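Shared chain: subunit A. Partners: subunit B in the first complex, subunit C in the second.
On to the complex of A and B.
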């Protein structure tokens, strides 16, 4: 496939996850939903099921409002809305981690709102670095394995987990390499870039890696398009067509990101150390850093954003703040401070899953472009 | 060289024609913004005011909420960029601009050359905007243009919420029921807008000189309340509502090759 055909394929998957899920179900695979921000997908994969990202969607919210107040993360609300309306029918279970207050709430609501899809909690420790934190993480994974066995009838094998870890590490490496390759190809739009990341949630990672590797090769042989204004994005999600379209209209190019649904997913590999492969996976969570929902009293993430922007040649940092996301809001002043210290302009726009009018965001982004 | 700036807001349309990017050759301001006949009529009015025709214009830039719907030109710029240019032209020493328009509030930080350093916009919320004042003036049955005079006569401003227009509306009705003097209610309303907007400005950082732009700048009650809230004098120009259009005309002049 050439570059355009590959980008079309990513688009197809990103735009229609339900069709992708149906394909897996028809092939006899079990599908297990994985809620934001981090779930032990490797475990689900190793047991023979398809980990399927469930980050909500840009839809109108009605049914979920029975369970949530108005001022709560719309990713969670839309996730529940899709669940209630049957958009995830056929899934064997949903794994929801406990990484923020909204995620803790949805787990309890899910049990009553979507009883047909069993809820599996993944309770992570606040202090993930010390040995007791690693042991706590491992115990959480053991609970997930046990619940997955009940929900799917599939069994866990540590050796199979080792194979899945290799698949995921290879995907991480491909995605990290892709970011650099895309930065050198401004002709790939921000919307297309978003499709690549989004499609990763709806495909088996070995299949996605194959497509990403093919794209890296195809772009390597292609001539780079005219230069645009390079920027960095940060936030939880940045996949709304209305938003990426505005960035494209304004001649801005995302050359690196710190978006939870994008590069943050692929920043940390599972290490080689560890007595068993499950121990290795617990150590992966220990090693993870630089994310608003991962406790770090030094808030090194904020300085890293400024450093990454500088290293990638980004002329500015666009903070895409998901409405009512406390962890991200707490980090914003520190991100601004760190970028100010490096002389990197920062602007913030608020987004949620129910935006139909992006005019205010357009004004902010156009002005940001003028500043750059 | 004559250039035209068109500022199509949510409630009004403003036009300015600049001669050689400096002298105001004509201006117009009409009630009726995006989606109305206001923008087209405003263009007709400014041409008449400047005694010019379209053929005399070397460039046109549209700005404001309705900039992308403007049929007069295919050149647009964000209202923040244009307000910065316009304010800097009128007040070269200005470093902080507070722009309160019909449906939003914005704060802009400038350097000595008039370049934008940073900006902040309000949330999608009527509190702290011209719409808030419209709603309150409607409840009080006072023309919105007279709010400043009422506030100036206040002895003890009433406490009105700055969080939400709907809540504030209910509070104003309660104040009316308690027979609070109209002047004190209006002063409380102006203080409510000022509190909301000054929070936004303080988040960005306020450096003197500070000026106001946008339609709400005409309201002396809000201006004085902002001065109290920020602890800074606020520069005012009768042209404040035209800053966006002035900036657009200046940008058109720059694009036309000065």
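On to the complex of A and C.
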């Protein structure tokens, strides 16, 4: 496939996750939903099921309002809405981590709102670095394994986990490399970049890696398009068509990101150390950092954003704040400070999954472009 | 989550009364922290549900930013402080306690009392919310002081697992050793045992006092509990607290015998109140009930601070079982029991914009409580400290609605 064909393929998958899910189900695969921000996907994969990202969607909310008050983020609201309306029918279970207050509460609602899809909690420690934290992560994984067994009838095998870890590490490496390659190719639009990241949630990682590798190769052979203004994005999600469209219209190019649904997913590999593969996976969580839902007394994430923006040559940082996401809202003032200290302009726009009118965002982004 | 405030008093209260003694304990906490600071000791800011046994046993003075924020909000300073935090870039969607506290960390003073000494370390425990972690991270970073955390995850199961106890126990010791190193204070098992015993005594008295709501009419106005619980949260391990709570129990029992109550109206209806008080609107919310003869006889706080445990592991378990750390079924059953034990006729739910965890599964849980107890459930929108997020008119309409349903049901009986 050439560059355009590959980009079209990513688009197809990103735009229609339900079709992807149907295909997997038709082929006899079990599908297990994975909620934001991190779940032990490798375990699900190793048991032979398809981990399927469930980060909500840009839809209207009706049913979710019977469970959530209005001030819970729209990612959780729309995830529940899709669940209630049957959009995930066929899935064997949903794994929801305990990483923020809204994630803690959605599981409780899910049990009653979507009883047909079992809720599997993944309770992560925030004190994840010391040995006792690693032991608790492992206990959480063991519980997920046991619940998955019940929900899918599939069994766990540590050697199979070893193979899945390789698949995931290879995918991480491909995604990290892709960011650099895309930075050198301004002709790939921000909307297309978003499709590549988004599609990763709806495909088996080995299939996604293959496409990403093909794209890297194809772009390597292609000539770079005319330069645009390089920026960095940060936030939980940044996949709204309305938003990426404005960035494209404004001649801005995302050259690196700290978006939870994008690069943050691929920052940490499972290490080689560890007695069993499950131990290795617990060490992966220990090693994870620089994320608003992971305890960080030093607030290193905020400094890292400034440093990354600088290193990638981004002229400014666009903070895409998901409304009612307090992990991100608490970090914003410190991100701003860290960027100010480095002389990097920062603009914040608030988004949610029900946004239809992007005019305010457009004005803010145009102003942002003009100062870069 | 837990907090209180002492309202300006109209008449000088009896110094032998529980009310006076409890108020004094709460006030003394600030004074003794200030005195410790003046002596050159290190003092901490501490999350409300952080194990008080740790600073108490180590002999460390701490103050509670949630209490402080509630106090500031009750005295009308909440909005000014919130706006200060917002000018720093904090979203107005963030918990108002956190906004007030972060503003205080910057200004080092508030337009109203209580002012508190600046901390040398912060003690964080997220058994009530993860918002707490983010808030304390920022305090620690902005003030450039160490942060100690005991991470107590939300428990999706009914019982606390052994893995969770092991994780929490290890963190207790980690924090104890860290604090010893930082402050030079020493942990003493003997002192801990004493604190544990006193805490048990205070808790038993609290449970018994709040259980006096089983009498009809109730010998107390449930709004009392909102004021007294600060002592339960922060000073359970102090002898004076045990004594004051025992006096409180005696007073309530005495009230019952004499047919008296601190609810100064005819008790026509008995409800459970769910959520944190709206501190800036305390009088409005309280009068809205009292004016209709509604006594809020119980809240989850009645159960929540019964910290009776037999050993260290059991203490860890108790901290894993605080209201915002337990699953819907466990949280529901505790409330159903309170409603049934205390002949509750209606549930009034505060949908608190500040608190995602507390409000996040409240609609479903309160539906289930309503069904299990066969009582009406009504909710109103508010905020525990940001006065802007409350509408007096809506509150009044909702409470009126609840009254009417309770009335109809009474007539049908």
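One rule holds for everything that comes next: the second predicted complex is superposed on the first by the 372 of 372 C-alpha atoms of A that agree within 3 Å, B and C clash if a C-alpha of one lies under 4 Å from a C-alpha of the other, contacts with A are read in each partner's own complex, and residues count from 1 in each chain.
Assume a contact is a pair of C-beta atoms (placed from the backbone, for glycine too) under 8 Å apart; a residue touches a chain by one contact, two chains touch by 3 or more.
Just so you know, these numbers come straight off a predicted model, no measurement behind them.
Contact with subunit C, but none with subunit B, is seen for A:124 once the two complexes are overlaid on the shared chain. Judged by the touch definition given at the top, the superposed model places A:266 against neither subunit B nor subunit C.
Residue contacts after overlaying the shared chain place A:370 against subunit B, while subunit C stays out of touching range. Of the two partner chains, neither subunit B nor subunit C is touched by A:202. Once the two complexes are overlaid on the shared chain, A:345 sits against subunit B while remaining clear of subunit C. By the touch criterion defined above, A:360 lies against subunit B but remains apart from subunit C after alignment on the C-alpha atoms of chain A. In the superposed model, A:66 lies in contact with subunit C only, and not with subunit B.
With both complexes superposed, C is the one of subunit B and subunit C in contact with more subunit A residues.
When the two structures are aligned on the shared chain, A:10 is found in touch with neither subunit B nor subunit C. Annotation: subunit A residues 348 touch subunit B in one complex and subunit C in the other. Interface residues of subunit A, counted against subunit C in their complex, comprise 66-69, 71-72, 98-102, 104-109, 111-113, 119, 121, 123-127, 130, 132-133, 135-136, 139-140, 292-293, 295-299, 321, 323-324, 326-327, 329-334, 336, 348. Interface residues of subunit B facing subunit A in the complex, by the touch rule stated above, are 65, 77-81, 104, 115-121, 123-124. Against subunit A, in their complex, subunit C makes its touches with residues 88-91, 93-95, 98, 126, 129-131, 133-135, 137-138, 140-141, 147, 149-151, 153-156, 161, 163-164, 166-167, 170-171, 174, 327-328, 351, 353, 356-357, 359-365. For subunit A in complex with subunit B, the touching residues are 345-348, 350, 359-360, 363-364, 366-367, 370-371.
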